[in-house]
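Okay, handing you the structure first.
When the chains are written out, they are named A, B and C in that same order, and each has its own residue count from 1.
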Amino acid sequence: MKRQKSYSYMDISKGSNVLFNVILIVLSILAVIPFIFVVIISLSDEASIVSKGYSFVPESWSSHAYEYIFKNGADILNSYGISVIVTVVGVLIGLALIATYAYVISRQTYPYRKFFTLVALIPMLFGGGLVGNYLVVARLLNLKNSIWALILPLAMSPFYVFVLKSFYRTSIPDAIIESAKIDGASELRTFVSIVLPISKAGLATIGLFLTLGYWNDWYNAMLYIDEQSLIPIQYMLIRIENNINFLAQLGSQQGIVSEVTRNLPSETVRMAIVVLTVAPIACVYPFFQKYFVGGLTLGAVKE
Amino acid sequence: MGKKLISLLLAALLCVSLFAGCSNTKNDDVKDDGQNGTKTEDSKGSDSAEEAVELVYYTIGTPPADLDKVTAKLSEMTMEKINAKVKLVFIDWGDYGSKITAIINSGEEYDIAFAAGPDQGNFLGNSKKGAFAPLDELLEEYGQGILEVVHPAFWEGLTIDGKIYGIPTKGMDIAAPNCWMYPKELVDKYDIDIDSIKTFEDLEPWLEKLSKEEPEWQLMDLDQDSHFAPGYEYLIDSVPAVIAKGDDSLTVKNLYEEDSTVELLNTLRKYYKAGYINQDAAIKPPSGLVKGEKVFWKQAQGGPGADNIWSKDRGYPIISSQVEEAYISTSSTREAVVCISSNSKHKEKAMEFLNLLNTDSDVRNTLGYGIEGEHYELVDGKVRFLEASSNYAVPNYSLGNLSLVYLKEDDPDDLREQVDKINESAVESTMLGFTPDLEPIKNEIAAITNVNKEFRPALMTGSVDIEENLAKFNAKLKEAGLDKVIETLQSQLNEWKANK
Amino acid sequence: MWTRFKKNFGLTAIALPGLIWFILFSYLPLIGIVIAFKDYKISGGFFESLLSSKWVGFDNFKFMFATNDARIMVRNTLLYNMLFIVINIVVPLFIAIMISELLNKRGAKAYQTMIFFPYFLSWVVISYFVWAFLSPDKGLVNRLLVAMGADGISWYSEKKYWPFLLTFFNTWKNLGYNIVIYLAAIVGIDKTYYEAASLDGASKWQQIKHITLPQLRSLVAVLFLLAIGKVFNSDFGLFYQVPRNSGALFPVTQTVDTYVYRTFRVIGDIGMSSAAAALQSIVGLVFILVANYIIRKIDRESALF
């Protein structure tokens, strides 16, 4: 179905457009300023921060923070590699699990819908806590020091399931599925060839959230991984951050630990850590974005 | 799209089969307590001396790069000496608390673990709940070397409900006293007799003088964790129920109703108003010494060699004076200990290994410094670090008898003697060995802890009006149940004293 | 019954992998909750310990009800959450609609990316910035105030500003994330609705009111219900790190999570922290049941169950 470029009354007025732009520009500035600040501080000289505080134009620049990180995390590239593998595999598995499960509970005619909804709802509220999770992942499934301990526990989340379910409800008319059924397509076939293609925006959203979840996760690595070669980047860097905090506290109480606390650069390294973890994921962002913002362009211009 | 989806589904299937596989094979493990190949199967009896066991040892610190190398070397030594290997696992500083909590409470098997305060292995809590094995008999049989080298006061402090649960690793500074540190530059310039300054009042004339003549120096550096209770000993961290040091009657009091405390707070208030204390003290997170920061006065726990360390941290020469006598209390004995798991199948071997750590210089120094010739070398009996030492940098205070550890190049020759002198001169707490039973008062402790965090930082840094806020603080402490806590602790102490 | 099962087997099979995941990673760990009701002592393996530990009923829960402070923490947790839930549903919804209606689609992309950025920053890092602005002597705001001849404000001891500040930071950080959810839903709305409306001469505003908003209704309901299930939880970093653990602010920053954390640091009792988590779940359950019941009454379709 082809249409003209656009109907003028399908768009908002010029005035509203200007107003919207102004509001969004203000919000955008509020949002990115701190991040620009982060980059600047990570490149500042530690001494000038101690004496002058944060500044947009530091007295002197320095790459010391990055040098410190690369020196202390010898395997930083290896860790990036682990993170990439975990994220890619995790997002694929997670999407497969969530997309299927959410589809099933979105089907109004499915008689066991309530049961499956309940199954997903209870974990939303109740969790086993540190001990319960450790017991299952490390001991029952024996995933300690396995890359699967980083992948599997995060693959699903009730929140994603319910959000995707409600995407399905808005974007997939029941009629389409019924007609597929009449054509004799199997459930799996209907799901794969009809439902998924029209749910790209929803899948991209969940994919983005999963990607962020995997990329930012350090907790599972902290609990389940002792093997240094399996440590993802986020945990490696968080550890530097945690150590700075912990040792500072300990050091102020007990003189003896001072021998280990010495020369921990703090502010600049913390900021460099943020840059090093956010930069790669920020680069992936547009890939997902094209599905939910790109989709808008499509909608307004042509079908 | 179609192909992608098929691969997605395949991944899902794979994942399902993986689950199924795991849950089938691992079920048996749980029954026999989850050992899966990390250990040899010699659980039948302790005397299967022919088979070498592998001891799993959790300790605190950043995992060093050369850990495997050093563990291999260490195991070589221990195989020869006690027919056991060691699997050493370092858990990073900030993570130790959570991870060891998960390991202990999920019943995972291990042999040795480091323990200290509630967020670092919780020595008291875990001993009480049965996570650690009582060591008395094991020490008697396999740990004679430990009994010989450890200061006897430790055993009193490490005894809980009549049993010893830990072996101290911090032997050298059982009684690290409070010190006040000053920059040498100013001390020399104004000829300050720092040894004569023992109280905040003694400090006042200098603060007054320097505030005029050295405006670029921060005179006193306090933070959220600063607290001063000279002459008092806490029974529970962050609960202001105290006894006066040296009080044989063991009377428990509310620290904030003592006249000396009121006086101290008023002094601090005066200093804050005069601008001697940093303005952000009440909200400043505790931090180590910041390089280059110009601070005239700061308090820290110190001891022999501390001036050296502080000078390096600050980046300018520091000298310090001890303001309190060295003091041995129950809590000072528990600042760093190693424990044996009550689930360990190799308790005897574990004790033999700990005995080595306390008596065998080679084993101890390998653990602490790495491999001689690779990570360090000895020059005149002192350690000189080699280039590779950064691949094996671990804390020494948490690993076992410090008196066996070689001195470092820049340590004073008589470091050990200085330490011994302090330890000998140390005063023992009148309630050394008493462990409060927190169970009946834990709800009150929870409430008091939170009240304490609400008021103490502001009061102890002089940031708020004392009269008004102290009254409020005390009222809230009472409401939170401080009276019940004091009463309970008092009766526990009385009972302890009667049975002593 | 069997025939019904067979007839629906195709769909059931599709949900099976997810079901297995839930059983393994959500349901099996629930055994950990039992600790909240036990005086948990170690005697051998986990199950052995659990079985031999004494039941203590709700003893472990008591510390959360012990004093007046406990009341304050409950009040804070619930009120902040109510506020956050409403704001985090309404504000992103309107901004998402704005973005979707922009005439310059490139701008839409750019704004949307930038607004997402705060989500990448952890609360610890955010707390440094807040400090850079609000610190009593070096802070940007106070330097500005002083330069204008006003008195500086000691932000970290004046509790009256913080309910506003915390709400602002929370909205600011999560805005981008929430916008994405709405945008994806807006993209998913069937375009034929708009075409039909356009042909009928409906203005854009009318379209938003009569198509976009109603189409998003069930998503809003779901987001609301999911959020209300967490009504007794709080974002620890926001309430602990951002106010720098300042005691003077406790009356407006103390929440269940900060209270439990501070307690755990001193007592280290796993039973107490398990109890706190269990209580949060139970309160969440009650709220979600009530909220779902109400939504069912209003609009059956949008209810979660």
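As a working rule, a contact is a pair of C-beta atoms (placed from the backbone, for glycine too) under 8 Å apart; a residue touches a chain by one contact, two chains touch by 3 or more.
Computed from a predicted structure; not experimentally measured.
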item: Pair joined by more contacting C-beta pairs (A-C or A-B); value: A-C
item: Relative to chain C, chain with the most remote C-alpha centre; value: B
item: Computed distance of Cα centres, chain B from chain A, in Å; value: 36
item: Chain A and chain C: spacing of chain centres that average the CA atoms, whole Å; value: 16
item: Residues within chain B bordering two or more other chains; value: 12, 15, 19, 23, 30, 34, 101, 105-107, 285
item: Residue list for chain A, restricted to those that touch at least two other chains; value: 96-97, 100, 130-131, 135, 139-141, 152, 155
item: Two or more partner chains touched - positions in chain C; value: 17, 21, 24, 35, 46, 135, 270
item: Complex contact set, residues of chain B against chain C; value: 12-13, 15-16, 19-20, 23, 30, 33-34, 101, 104-107, 117-119, 122, 125-126, 129-131, 224, 236-239, 279-280, 282-283, 285, 342-343, 438, 442-447, 449-451, 453-458, 463-464, 476, 479-481
item: Interface residues, chain A side, partner chain B - complex; value: 47, 50-51, 74, 89, 92-93, 95-97, 99-100, 130-131, 134-135, 138-143, 148, 152, 155, 192-193, 196-197, 222-223, 226, 228, 239, 242-243, 245-264, 266
item: Chain A-facing residues of chain C, complex; value: 4, 8, 10-15, 17-19, 21-22, 24-33, 35, 46, 95, 98-105, 107-122, 124-126, 128-129, 132, 135, 138, 172, 175-177, 180-181, 183-191, 194-195, 198, 201-204, 207, 215-216, 218-219, 222-223, 226, 229, 270, 273-274, 277-278, 281, 284-285, 288, 304-305
item: Residue ranges of chain C touching chain B (in the complex, touch as defined); value: 16-17, 20-21, 24, 35, 40-49, 62-63, 66-70, 135-137, 156-157, 244-248, 250, 254, 259, 262-270, 272
item: Chain A-facing residues of chain B, complex; value: 1-2, 5, 7-9, 11-12, 15, 18-19, 22-23, 25-27, 29-30, 34, 36, 61-63, 65, 67, 89, 91-95, 98-99, 101-103, 105-108, 170, 173, 176, 179, 223, 225, 285-293, 300-303, 306, 309-310, 312-313, 335, 393, 395-397
